[in-house]
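Going in written order, the chains are labelled A, B and C, and every chain counts its residues from 1.
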Amino acid sequence: MKNVEKGPDSSNEIKVERELVIPGDFLSEKDLKSGMGTYNDTERTYASQLGVKNIRAGYINVVPLGGRYIPRSGDYVIGNIIDIGPSNWLVDIKAPYPAPLHVNEVPWRVEFGDTARFLFVGDTILAKIQNVDEIKRVHVTMNDHDLRKLTGGLITEISHSKVPRVIGKGGSMITLIKRYTKCRMFVGQNGRIWIDGNADDIMVAVSTIERIEAEAQVMGLTDSIKDYLEERYSERSEEIETK
Amino acid sequence: MNEEVISEINRNFIYQLAEKGRRIDNRAPDEFRPIGVEKGVVNTAEGSARVHIGRTDVLAGVKIGIGEPFPDTPAKGVLTTNAELIPLASPTFEFGPPREDSIELARVVDRGIRESGTIDLEKLCLEEGEKVWIVFIDIHVLDYDGNLFDASALGALAALTDTTVPASRFELGDDFKLPVLHYPIACTTVKVENTLLLDPALEEEKIASARLTVTTDENKDVRAMQKGKSGSFTLDEVKKIITSSQEVAEKNRKKIIE
Amino acid sequence: MGDSGDLKLIDDSGKRLDGRKLDELRPIKIEANVLRRADGSAYLEWGGNKILAAVYGPREAHPRHLQDPTKAIVQCRYNMAAFSVMDRKRPGPDRRSVEISKILSEALAYVVFTEQFPRTSIDVFIEVLQADAGTRCSGLTAASVALADAGIPMKDLIVSCAFGKVGGKVVLDLYKEEDNLGEADVPIAVVPRTEEIVLLQMDGHLTVEELNHGLTMTMDACKYIYGLQRDALKNRYSTGMDNEENPKEASK
């Protein structure tokens, strides 16, 4: 299992200061460099996206609260095959554009025209964003450790901006969910989550993730999620006892 | 469109649950999602209602006008039903003239209302063969999360019960409540593997092999049906669906008649 | 523009038919993120207007020939529900809604950083559920909240409002009755921070002085409405956010 906890989007990035900003909000004079989710106008920096203001390493950024997933090279994502060509597949990664996966980028030897035998429309893969070129064309690869076709379990979707909350600080949240539900999980940076295990446990994991998404801004989220999981599993054990 | 592709993983998961009589949102096979009905939400309409089934959201409005009756029913008012699957409601709905899905939806809703004699159309005659009240039902889908048939039928009926005929505006006497005689309720069931699921959620609707909408009135009589999708039902399944539709309709009808 | 006949649109104390002062807006209520399927959405009530706006995208532009290899296209569709007006409107686009959609698309495209998403479309759908004059302004005001809600990178929100002339006076934000009988109607839309005007239409009859006065008045109103747009987004997203600074969370 890929160690998602160390993903680049881990919530460590979000510092204590949590000020909500709206596109057009003034952020700073030229003392800070303008980073993600910002723009410059006459040497002043403004927010270009709805999000949380964040100052880091001399840069002022806006961490978005929503929006489509914008692929970045090196991201691990979960994709669905939506079309097949003779030498590539087209993968939906919840981004503005579907991404091609070339036969050279899979861990199998695929003859020209034989693509459908390996991955078919509707299949789900664990992939890595290989590169995003200057005109935003995205290529994905499966040529990396542990990247593969996923089978079994369930795929659930959240906003990519909530991924750091589902993972938690240092992976605390995802570890918590895995511990209670005994499920295998993989959180793609694009907001798709694969969960595998017993059907009941998968469903508890899904409802836990829904809760995290709904309450992502609430204080003490980890504790409240822990309480929730404890409650869910005590109820179930009581049910079993009374039967 | 990409959105139409359901991953094999989720398809299989829903199949496996269905085999055990279970569903992805923990509902029982014959359980509806929560229903919300709010009447009188649009003051430019003669009657209106917003209906939620889970996160499916439909707004129905009734406009009343004056026109000529059909030649074969010269002493009856006219009912027309239209549905708009506007692209605001789903990434898969497209801008443009109504496509077959919205036409089917409007016609299924229309049949339930027409065949059950919901509106007393005889009371809507102004001058036999010349002038009658025309009832326009317009269904505006706002958020599509599965089961538009039942939400739209419920919305249309709720809007009709909210409708006042604006006679005074046309200088034709006092306004009066639209005479509503019957309360047809549509219930939709889909078949996933060999399990029947009532009130399909979006993913269930998409992977289902067959769909059946049964509209029953307050006497539990069947007033309209529509089978959809390319799969089939056994005779036993159809009978079972009719029985469960009758039962659920009775519950859902209470959301409209307070 | 209509003829008011004997009806007095402004009374002797300078009040309008609905009791408002000349420079007074109707009540406005905005709510962000109200739909499940859309990427961003907003619901707005403005006097008797009820408007839903939804944003999808950026997504691959279809049909393909619409794709611009250098930037996203902003496609706004303004549509009125059949029951949104007194005389039922035939469903579907007409010449009026096509024109409005075009100018709203152009206004929104000005603030969106379209060059960040070549070959895509950012689709904005405005549905008028109940109309009471000023639907294009209400729709545009709602649409820009929906765009921000969808996380679309943009310079600023857009605020829109109209002024007009009724009973010989320049007034803010015409409602249905005044719109039918008034002498002029001037919808405008502005970028609040820079006061740039991105939409401007006019029909009727105004002196240059009246026009200048109306524009100034409407610019002020837009700044007030901008505050309501901000509140709608902040209310939706900042729940419990202040508490996030609690030391237990921060110390980790």
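Worth a mention:
The definition used in the following text is that a residue touches a chain if its C-beta (ideal position, glycine included) is under 8 Å from a C-beta of that chain, and two chains touch if they have at least 3 such contacts.
None of these values were measured; they are calculated from a predicted model.
Taken chain by chain, the contacts link every pair, so each chain touches all the others. Pairs A-C and B-C differ in how many C-beta pairs touch across them, and the larger number is found at A-C.
If you average the Cα atoms of chain A and of chain B, the two centres end up 37 Å apart.
Distance between chain centres (mean CA atoms), chain B to chain C: 32 Å.
Among all residues of chain B, none touch two or more other chains. Residue positions of chain A touching 2 or more other chains: 98. Listed for chain C are residues 59, each touching two or more other chains. Across the interface of their complex, chain A is touched by residues 39-40, 57-60, 69, 111, 113, 116-120, 148-157, 191-193, 230, 233-234, 237-246, 248-250, 252 of chain C. Considering their complex, residues 41-45, 48, 55, 57, 59, 61-63, 65, 82, 84, 86-91, 95, 97-98, 136, 138, 140, 142-145 of chain B touch chain C. The part of chain A that touches chain C in the complex is made up of residues 16-18, 20, 22-24, 37, 39, 41, 46, 48-52, 64-68, 96-98, 135-136, 161, 169-170, 172, 215, 217-220.
Across the complex, chain A meets chain B through its residues 80, 82, 92, 98, 120-124, 150-155, 194, 199, 202-203. Residue ranges on chain C touching chain B, taken from their complex, read 35-38, 48, 50, 52-54, 56, 59, 77, 79, 81-88, 91-92, 123, 125, 127, 129-132.
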